[in-house]
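Below: a set of structures, written as C-alpha cells.
You will see chain A twice below: alongside chain B first, and alongside chain C after that.
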Partner chain A sequence: MRIQINDKDFEITEKSNLSQLLSAQNVDTSAVAVALNGQIIHREQWQQTELKNNDTITLVQAVAGG
Partner chain B sequence: MLKIADRDFHSRLLIGSGKYSSADVMQKSLAASGSELVTLALKRVELERPTDDIVTPIQNLGLQLLPNTSGAKTAQDAIFAARLAREALGTHWLKLEIHPDPNYLLPDPIETLKAAEALVKEGFTVLPYCGADPVLCKRLEEFGCAAVMPLGAPIGSNQGLITRDFLRIIIEQASVPVIIDAGIGAPSHAVEAMEMGADAVLVNTAIATANNPVAMSKAFRDAVIVGRQAFEAGLSQNASLKASASSPLTEFLESL
Partner chain C sequence: MLSNEQLLRYSSNILMKEIGEVGQQRLLKRHVLIIGLGGLGCPASQYLASSGVGQITLVDHDTVSLSNLQRQTLYSSDDIGLSKARQAGHYLSRLNPDIRITAIEEKAYEENLDALAEQADLVLDCTDNRETRYLINQSCYHLNTPVVSAAARGFNGQLIALNPEHSHGCYQCLYPDDINEPLNCSNAGIAAPVVGIMGSSQALQAINYFTGHKLAWGYLHTFNGLSQNWQQLSLPRAASCPVCGGQNAHSN
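This part shows the complex of A and B:
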C-alpha cells in the first residue's frame, strides 16, 4: 500500500505500524515528532498505530535554529 | 537572578543554536556563553539525508531547550508546530515566532497574539518574538505569556537596537521579563540593552557567524553581565549637551 511521508510517496507492506515504519526508514527517533493525517501521535502510541492506504505522515525533528 | 515562569536562570544571555559552522563549534560556543536557555528549530525529516542529533549535546550541557516555531506563517501553523515541538523535545517551553514576510522576517502581531492566547491555554510557557510595540507587549503579557521578546532590529541584521525608544517603554511597562531578541550584532548592543533594563538578550547570528564564535560567545557573556551591573548600579542621568565638570573648578589659578 501507499503512504506519504513529508509529501513523498512510499510503498509499504500491509499492517505496518508507525514504529515499524520509522525503524524501516532508519529514523533516529530521539527528538522527532509524528503527525498522522494532521493528528499528532504520541511516542507511546506508535506501536499501536496501524497505517492505512493513503495515510499522510508529517515527520519533524529538532535542528539548530535561532 | 532571572526568573521566567517558574524557573530561575543565573545567565541573562539566551543563545540560538543556528548558523554555526559545525556541531562542535556550536557546542563549545554554547558552553562558553554561560547561557542556560537555548533555542532550536524544527524541520521536516529528509529521510534520504539524515542530519546529526543536536539535541543530545545540548542536553548534555544541562541547558533548557527552547524550541521555536520558525517557518510558521499563521497562528494555526504555529500551534501545530508548538505541539510537534512539545512532542519531539518533551518541553512545554516555546519561543513563538510567526513571520510570514521573507524579506524582513518581521513578526505578524495579529497571528502572534492569537497563537499566544491558544498556546497559553494549552499549558505552554510562551515566549513570543514580537515587534517593539509597547501595546502589543502588554497584550501578550495579559494573555499569559511568560516573557516578551521584542526585536532590536530584523533577525540576523546585526543593526543593534534601532527600536531603542520603544524598547524603553516596553521595559518600563512590563511585569514579565523583557528579552531583547533579534538584531543584536555586537557585545556593545547587548550592553546597551542590559543597561536600559532589559531582563535578558537573545543572540544567535552575531556569535555563530563571528570569526571566532567561541571567543565571541565569551564576549557576549561578559557584556551581558557588565550591562546588568551598570543597570543595577543606576546610570548617572546627565545626558545634556552641556558639559558638567567632574573636577572642582577651583579659582586658585586665576589669582596667579
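This part shows the complex of A and C:
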C-alpha cells in the first residue's frame, strides 16, 4: 500500500500500524506531533492505529520560540 | 457611541461590514492579555492597539537586546537594556491614546498567571519557552478563558486557538510534557517575517473573536515560510490529559 509522509510517497508491503511505521522510517518522535489524514493522533493511540492505502501522515516538529 | 475622533481613527474598521460600528464598539470594550513582547507580541500588540482593543495588558520581564531588533519591531536601538513591557507600553500609548495599556514588568509564572488571565477576555500566548506555554494553557483552562497560542522557529510557524468550553484538545495534549524540543529561537535562528506573520495572525484571531466571528478552535495551523503553505490539523482531546481530559473537562 501507498502511504504519504510529509508529501513524500512510501510503498509499504506489510500491514502496519502508526507506531510500526514511525519506527521503520526511523522517525525521531521525541519532539513531534503526528497527524493522520489531518487529525492529530495521540501517542497512546499509535499502536492501535492501523494504516490504510493512501493514508497521509503529517509530522509536525514542536516549536516553542517567539 | 463613538466620538468623531474615534469614527475617523477607526474608519477603516467601520467601513467593513465584517466589523462596522457595532464591531468597533465591541473591540473598545474588550481586554486582551498579551504574554511575551518579543517577535510575536510586537506585531500582535501593535495591531490590537491600532485597531482599538480597549484594554491591553502587556507582560514581559525581559529587557531589549541588540539581537532582538532583527524582528521585534516595537523597539529601536535606543531601547537596548530597557524593559520590553514598559517600552512597548510607551510606544503603543503614543500609537493610540484612546485605549488603556498596562505594562507589567514581571515573568508570567504560576503565582501571577491566574490573577492576570482572570481579568482578560482573551489571552495571547506570545512567549518563547515551553514551560510558560504549559502554565498559560493550565491557567486558561482553569479559568475558562480562551487563548491563542503561536510559536515560530526558523521558517516555520504554528498557531492554535483554544477555547476551554469546546471539546478539542489543549496545548498539553498537543505536546505532552515528556517531549523535549531540541532547538529554540536563540540557537536555531528565526526568519523575522515568519514570526511577524504568526503574531499578526494572533491579532487577527483576536479581532475576529471580539467582533463575533467564528474561530477554528482546536486546529493547529502550521505555516511554512519557504513554500508559504498553511496546513490545518485537528487536535482531539487526549483522554489522559491532566489539564483538559477526564474530570478536568469543562465539556464533552
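Note that in this section the second predicted complex is superposed on the first by the 62 of 66 C-alpha atoms of A that agree within 3 Å, B and C clash if a C-alpha of one lies under 4 Å from a C-alpha of the other, contacts with A are read in each partner's own complex, and residues count from 1 in each chain.
Quick note on the criterion: a residue touches a chain if its C-beta (ideal position, glycine included) is under 8 Å from a C-beta of that chain, and two chains touch if they have at least 3 such contacts.
Given the structure is predicted, the values throughout are model-derived calculations rather than measurements.
Student: Now for A:L59: first (chain B), second (chain C), both, or neither, which partner does it touch?
Tutor: A:L59 sits against chain B, while chain C stays out of touch.
Student: Quick one: chain B or chain C, who's touching more of chain A?
Tutor: B
Student: Once the structures are superposed on A, label A:E44 by its partner contacts, choosing first (chain B), second (chain C), both or neither.
Tutor: second
Student: Report for A:S30: first if it touches chain B alone, second if chain C alone, otherwise both or neither.
Tutor: Both partners, chain B and chain C.
Student: With the two structures laid over each other on chain A, which partner does A:E14 touch: chain B (first), chain C (second), both, or neither?
Tutor: After superposition on chain A, A:E14 lies in contact with neither partner.
Student: Touch test for A:N6: chain B only (first), chain C only (second), both, or neither?
Tutor: first
Student: Return the residues of chain A at which the contacts from chain B and from chain C coincide.
Tutor: 30-33, 35, 38, 40, 42-43, 58, 60-66
Student: Within the complex, which stretch of chain A touches chain C?
Tutor: Result: residues 30-33, 35, 38-40, 42-44, 58, 60-66 of chain A touch chain C.
Student: Mind pulling up the chain B residues that touch chain A in the complex?
Tutor: 16-20, 23, 26, 39-47, 50-51, 53-56, 65, 67-68, 70, 80, 83-85, 87-89, 155-156, 202, 204-205, 208
Student: Considering only the defined contacts, which chain C positions touch chain A in the complex?
Tutor: These residues of chain C touch chain A: 36, 38-41, 126-130, 133, 150-153, 156-158, 169, 173-176, 179-182, 184-186, 188, 190, 195, 198-199, 220, 222, 231-236, 238, 240.
Student: Please output the residues of chain A touching chain B within their complex, sorted ascending.
Tutor: 5-6, 8, 25-28, 30-35, 38, 40, 42-43, 58-66
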